[in-house]
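My questions will all concern the structure given below.
Labels run A, B, C, D, E and F following the written order; every chain starts at residue 1.
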Amino acid sequence: MNSVRMDNISWVEYKQRVDAGSVVFLPCGATEQHGPHLPLGTDALLASAISEDVARLVGGLVAPAISYGYKSQPRSGGGQHFCGTTSVDGATLSAMVRDAVREFHRHGVKRLVVVVGHFENQWFVTEGIDLAMRDIGERNTIEVMRVEHWEFCRRETLDVIFPDGFPGIALEHAAVIETSMMLHYYPQWVSLDRIPSHGPADFPPYDMFPARKEWVPASGVLSSAKESSSEKGRLLVRDIVDSMATAVCDEFDLAARPSPHDDESGALPFNGAASSA
Amino acid sequence: MNSVRMDNISWVEYKQRVDAGSVVFLPCGATEQHGPHLPLGTDALLASAISEDVARLVGGLVAPAISYGYKSQPRSGGGQHFCGTTSVDGATLSAMVRDAVREFHRHGVKRLVVVVGHFENQWFVTEGIDLAMRDIGERNTIEVMRVEHWEFCRRETLDVIFPDGFPGIALEHAAVIETSMMLHYYPQWVSLDRIPSHGPADFPPYDMFPARKEWVPASGVLSSAKESSSEKGRLLVRDIVDSMATAVCDEFDLAARPSPHDDESGALPFNGAASSA
Amino acid sequence: MNSVRMDNISWVEYKQRVDAGSVVFLPCGATEQHGPHLPLGTDALLASAISEDVARLVGGLVAPAISYGYKSQPRSGGGQHFCGTTSVDGATLSAMVRDAVREFHRHGVKRLVVVVGHFENQWFVTEGIDLAMRDIGERNTIEVMRVEHWEFCRRETLDVIFPDGFPGIALEHAAVIETSMMLHYYPQWVSLDRIPSHGPADFPPYDMFPARKEWVPASGVLSSAKESSSEKGRLLVRDIVDSMATAVCDEFDLAARPSPHDDESGALPFNGAASSA
Amino acid sequence: MNSVRMDNISWVEYKQRVDAGSVVFLPCGATEQHGPHLPLGTDALLASAISEDVARLVGGLVAPAISYGYKSQPRSGGGQHFCGTTSVDGATLSAMVRDAVREFHRHGVKRLVVVVGHFENQWFVTEGIDLAMRDIGERNTIEVMRVEHWEFCRRETLDVIFPDGFPGIALEHAAVIETSMMLHYYPQWVSLDRIPSHGPADFPPYDMFPARKEWVPASGVLSSAKESSSEKGRLLVRDIVDSMATAVCDEFDLAARPSPHDDESGALPFNGAASSA
Amino acid sequence: MNSVRMDNISWVEYKQRVDAGSVVFLPCGATEQHGPHLPLGTDALLASAISEDVARLVGGLVAPAISYGYKSQPRSGGGQHFCGTTSVDGATLSAMVRDAVREFHRHGVKRLVVVVGHFENQWFVTEGIDLAMRDIGERNTIEVMRVEHWEFCRRETLDVIFPDGFPGIALEHAAVIETSMMLHYYPQWVSLDRIPSHGPADFPPYDMFPARKEWVPASGVLSSAKESSSEKGRLLVRDIVDSMATAVCDEFDLAARPSPHDDESGALPFNGAASSA
Amino acid sequence: MNSVRMDNISWVEYKQRVDAGSVVFLPCGATEQHGPHLPLGTDALLASAISEDVARLVGGLVAPAISYGYKSQPRSGGGQHFCGTTSVDGATLSAMVRDAVREFHRHGVKRLVVVVGHFENQWFVTEGIDLAMRDIGERNTIEVMRVEHWEFCRRETLDVIFPDGFPGIALEHAAVIETSMMLHYYPQWVSLDRIPSHGPADFPPYDMFPARKEWVPASGVLSSAKESSSEKGRLLVRDIVDSMATAVCDEFDLAARPSPHDDESGALPFNGAASSA
């Protein structure tokens, strides 16, 4: 029993690792439509898998994902009119994060990484962390890093993956990046033959309420995922995992860390199959 | 792609099943100490696995588990002083359930089963469902069934498992029932050699705040799990899954259902290995 | 003016008693249907009367009852569809308790007993106490005991009262225990001739939302109160009051306490008529 | 069993009266210091007693009092630094009222009178009613009257009671009006010999936070109660009860009502001893 | 750049003044109908203008007004049925004030004056301040003064303005006082020719929900503003500003203060045109 | 009296305009450090001024600004450690917006534009609108447009203003865009001589809690404002106001609209001095 998953180990083992200074990762996903080719759990699944790969590199632990996220917006996730998208109010998400951070602090966790895997979660996760820090107050001995995993993808990698130019993260919902990473981690749940072929969505720079459903492709995909591949997923994941691990070590003053850069042969600790299955 | 797990299928497939009347199951677990021999995720893992087995029998779908539960109490879960136990406020849990139920209603789900896998969750889950029903109001087309899975275990089965008499569900935290069911579903995460040998905890019929930690065994186990076995787990699971499936079909007027009672030979649909791994 | 009721004494006298270390009791009742023979205030009335009897034994004080409780559930109180049942949301009850506990702490109260007189209140009262303890934080000098009064009834007494076997607390709503204790304390508000004669309710081990009203007897009584008597009430009350007083003294290290066991002749301090009138 | 107290009658009787159109009264009191001569429960006790007297006149019912009120302010109740004053947050009080109003509406109550017996409650009670009305929305069939009982005292009566001029309601905390009414209703809980003899408090027209405790007499009495008498209490109560009953009948179109004005001989329905014992 | 308005100066200048002990004023207004002759922003405009005049006298700073207030009540502001009245829930207003006070405390502000410019705001502003003080706890170094500006008008001035007797503040909504002060500060937004000529409203001493709209004059004016004048406004403002400045200096131990009483010649610092433009 | 400011007109005039279909604009600003050269009110001032210019073009009305925004973040506004930055919790901002939208709906407003003037407000404003729409429910007759004003600046204009390339909106806090627009609208409150000369801030793509203050320039300016000018402000404002007006007319089907494109001579309706002074 030497898992990076907190829910797979006993409290005794968890305590030993926390006492030894382990970094804890809290993935914040969503249950949200990701087109006809990706599963509803994509955001939680990717945030968890990436967290596990980083945790392996830095000797960390991954807490169970928060599987329900803030409401999908038309311009970034298609919007709340899709069947299957199962979202919570902002206050609910903030409360969940707040309570969790407060508990990790009680455990003695000194280093926490909150891994946002759903674009719309960002601000309510920020608020949850901020409120927990206020609760903890001057007794504070925990530091929290808040990351969106896609922010760790380097420009050079994006240039390789999008030879015709990166269209921007805004339209990457259920598109090449997410589909490729899912092909890397969870190929069994990707239906390549169901990728829609329509062009990218075109949104004005504002929102309307009630949502203008006609602005959103009926498939829920905001730009084409046709060019996705498992190999692109491998590249993206390697980039993200390595950069995130470096950032974690830098910010938390973790001295010893295996250097995945020395090992381009395929034996990278994080290039294996998905670990969470 | 024919999964019972909502997070593994696309919104298109989810919508087809919901439109066809599928029952949706929402497991409500916890991240809570379960002694040195069971993992922290026990409650969410069991609620999910049982939900999946029942879903297979009734043609249903299982939503992602709510992995964080209400605060552990000394007399039923050891209490909040254990490292690793990661709990949320009552209002947070109620809000999470409320939002989720409201969303399933928006999807067109007509039959929802909320599966409580953590004793302390019961009332806050009840409140969450109640508030969602109030929100939905007269437009209501959803029926919600709230269950604790352990309530479906028949007396006859308990008599077999506890030949010296069933000590009551109150002390069954991390004890024979949970350990046996974990051995059935997730043997890889059970450390039989770490089961503590002390006798059962002895609590007065009231609570003290701050908690009297000295009332709780240091291991977190409330009565011995020594007599646990995978075979007992199989019996318990079969009992629970079958009774729950029967109740679901009865309450929701589901006509056609495979009768597992006709098939005691081992070919029960739900006696295989855990499905969620 | 030597009352055990906080609302009948001045702040000056209250302060003297609190400064002297008096235990304060906070009854948490309900306004809930209790069949055609018991009044709507049964839960608050019993919790208050028992609190007063215990307070007399231990030199304590009884705060005004919280008269509105959490929503009645079909399996324990008949449910929310009854006219007269007047319930509050879980968050409201928790807030009321939280605020009250915080205030008693400000007063300098060191020993508080929260007396739950309504089954459905339990968890929201627990949450209210827990949140208050968190608010109070490290300045904490108050200890809180949370009790359900019926938990103090000894098995031997139940055997006397139910010669054919105790059917369990679950169905005791408006049944023999509550009716007998009301006959002991408040006979003027009990209508023996209106006790319904139907047999006990039979519930499945789960809840449905919206509630299945047809599961609940139209009278609101979950099992027959026909065998109730004032004498049984006296026995029950004596048992509960004595056990609760003992527990209070034990937990709060109250040395000197009158021993009611020495006095079986009927001169027990708590066997008189209801004190709250 | 023909009580005006809702908590003393069964749900069946309550339903009959509500179905017949009975007015329901909800007293909103407080647990607050009222000097060394009046009990902590004064506000809830008076609001309840007055409600019962009015209810008797108009064929109404009195719900259990909300016994905890909004935070005492220095200029109207002495402030929160007194031991014994036990107050709740504004949101808690509003929630309690909101939930109660919603429940009375569910019962079919068409006429509700919320009787404020504690100055500081006014706005949070208003908010609670307003939020309940919003919740009820277009289904609304309930009308709510919100009253402060002291507002029904006529100028002529005040002139009799204060021959040297009425100093204004602002300083009437634990002073002549409240003490006299308590002498009328609950003489057993008034300690006339403990009435302090100091002159009235003198406040500037603003508040300071933290409270300037030195502004408030140490006794908690804001102006002298020396001139109180049971007879003054009788006059005040008769005035208030009669005016309130008239207002209730007028607003709710209650045709037939006994006219207490015809009966000045002492046989007034409401001039008896306190009814709530 | 030597403004009394916080929103017109940089954080560097703000910090210098706060470090030097400046009093900060927080106006709490409303957006509420004020008859056909006064603008919707009257309450925020007057609270801001008065705050600025006082701030000039005491070397203070005025924070941006909270422009939305608690719900208008029929007897004091006409009620919520008027178009244009834009109100917030009590909890929203309390939260806004709570957060602001907490922030001023973080800035190092030691002296804060919360200036209520809308009758209905009073209690929710009080609650907001109280909750902030609780949040700040023992680290407290801020003192907060809560004022309603109209409370600073002396009796002598009212006698001059109302030669036939002051009808009481209750009916002064959009009447002589507010209209005169608006004529003093913002004559360009007053339409004297649209002042209605009807007599004062006549309310019973209680409220009805849903509001009885017929009790309120259709104009929204509760008593006539016909006798308003800019000169009366000047008198009122001089009175209020001077008294408030004196109170601020007294409570906050501000030694040196310009004495406007020495200067009746018209050169008063605060008798100029409106400052907020 | 023909103002575009709602707080400067009477409810009667407001009602006339709303009944005629006027668009209402709600500016959501902040009180936040903007370096040593810009005032703390910059975000509310700009959002209000732009709203007024657009309102003039489309015949609309501008509601009073919400002057306090969500907590400043290091990477977009410098963070919460600056003196003067006065922020509210996310729930507070959402509640304020929610209540306001609900009120505008009650007024009969059919077209509402919520103008975000503070980066960090975006998601909590979105949540506030969403919750209001849920409250309004099926009675919905209001459409809400949510905009960030800077999103309406065209690429061509940015190319003119940043001849060396636009560094991205992320670092534009208190930089060229805001400073230039402030020079256009409110030159009297800009201190050009206090613009700091340091280079742009360099942030990693994640956040740390507690904030790493050393990442943020001590001035609070995230990139240089040295190249700001009133003329650039004019260009930016024209671009934004015109594009926003076009979008408003398009989305709300406003037929007749003055075409500012026909008028490049300087007579644009919106190129005058700031209107709100």
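Definition applied: contacts are C-beta pairs under 8 Å (C-beta built on N, C-alpha and C of every residue); 3 or more make two chains touch, one makes a residue touch a chain.
Computed from a predicted structure; not experimentally measured.
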| item | value |
| --- | --- |
| Fewest touching-chain hops separating subunit B from subunit E | 3 |
| Reference subunit D; chain at largest CA-centroid distance | A |
| Chain whose average C-alpha position is farthest from subunit C's own | F |
| Same vs different contact residues, subunit E with subunit F, by half of numbers used | same |
| Centre-of-Cα separation between subunit C and subunit A, whole angstrom | 49 |
| Between subunit F and subunit C, distance of the C-alpha-averaged centres to the nearest whole Å | 57 |
| Geometric centre distance via CA averages, subunit C-subunit B, whole Å | 31 |
| Of all residues in subunit B, the ones touching two or more other chains | 89, 91 |
| Parts of subunit D lying in touch with subunit E, wherever the complex brings them together | 70-71, 73, 89-91, 94, 120, 122-124, 126-127, 129-131, 133, 140, 143-148, 151-152, 204-210, 247, 251 |
| Interface residues, subunit B side, partner subunit A - complex | 1, 3, 5-12, 14-15, 18, 31, 33-41, 44-45, 63-68, 80, 82-89, 91-92, 95-96, 98-100, 103-104, 106-108, 188-189, 191, 194, 220, 277 |
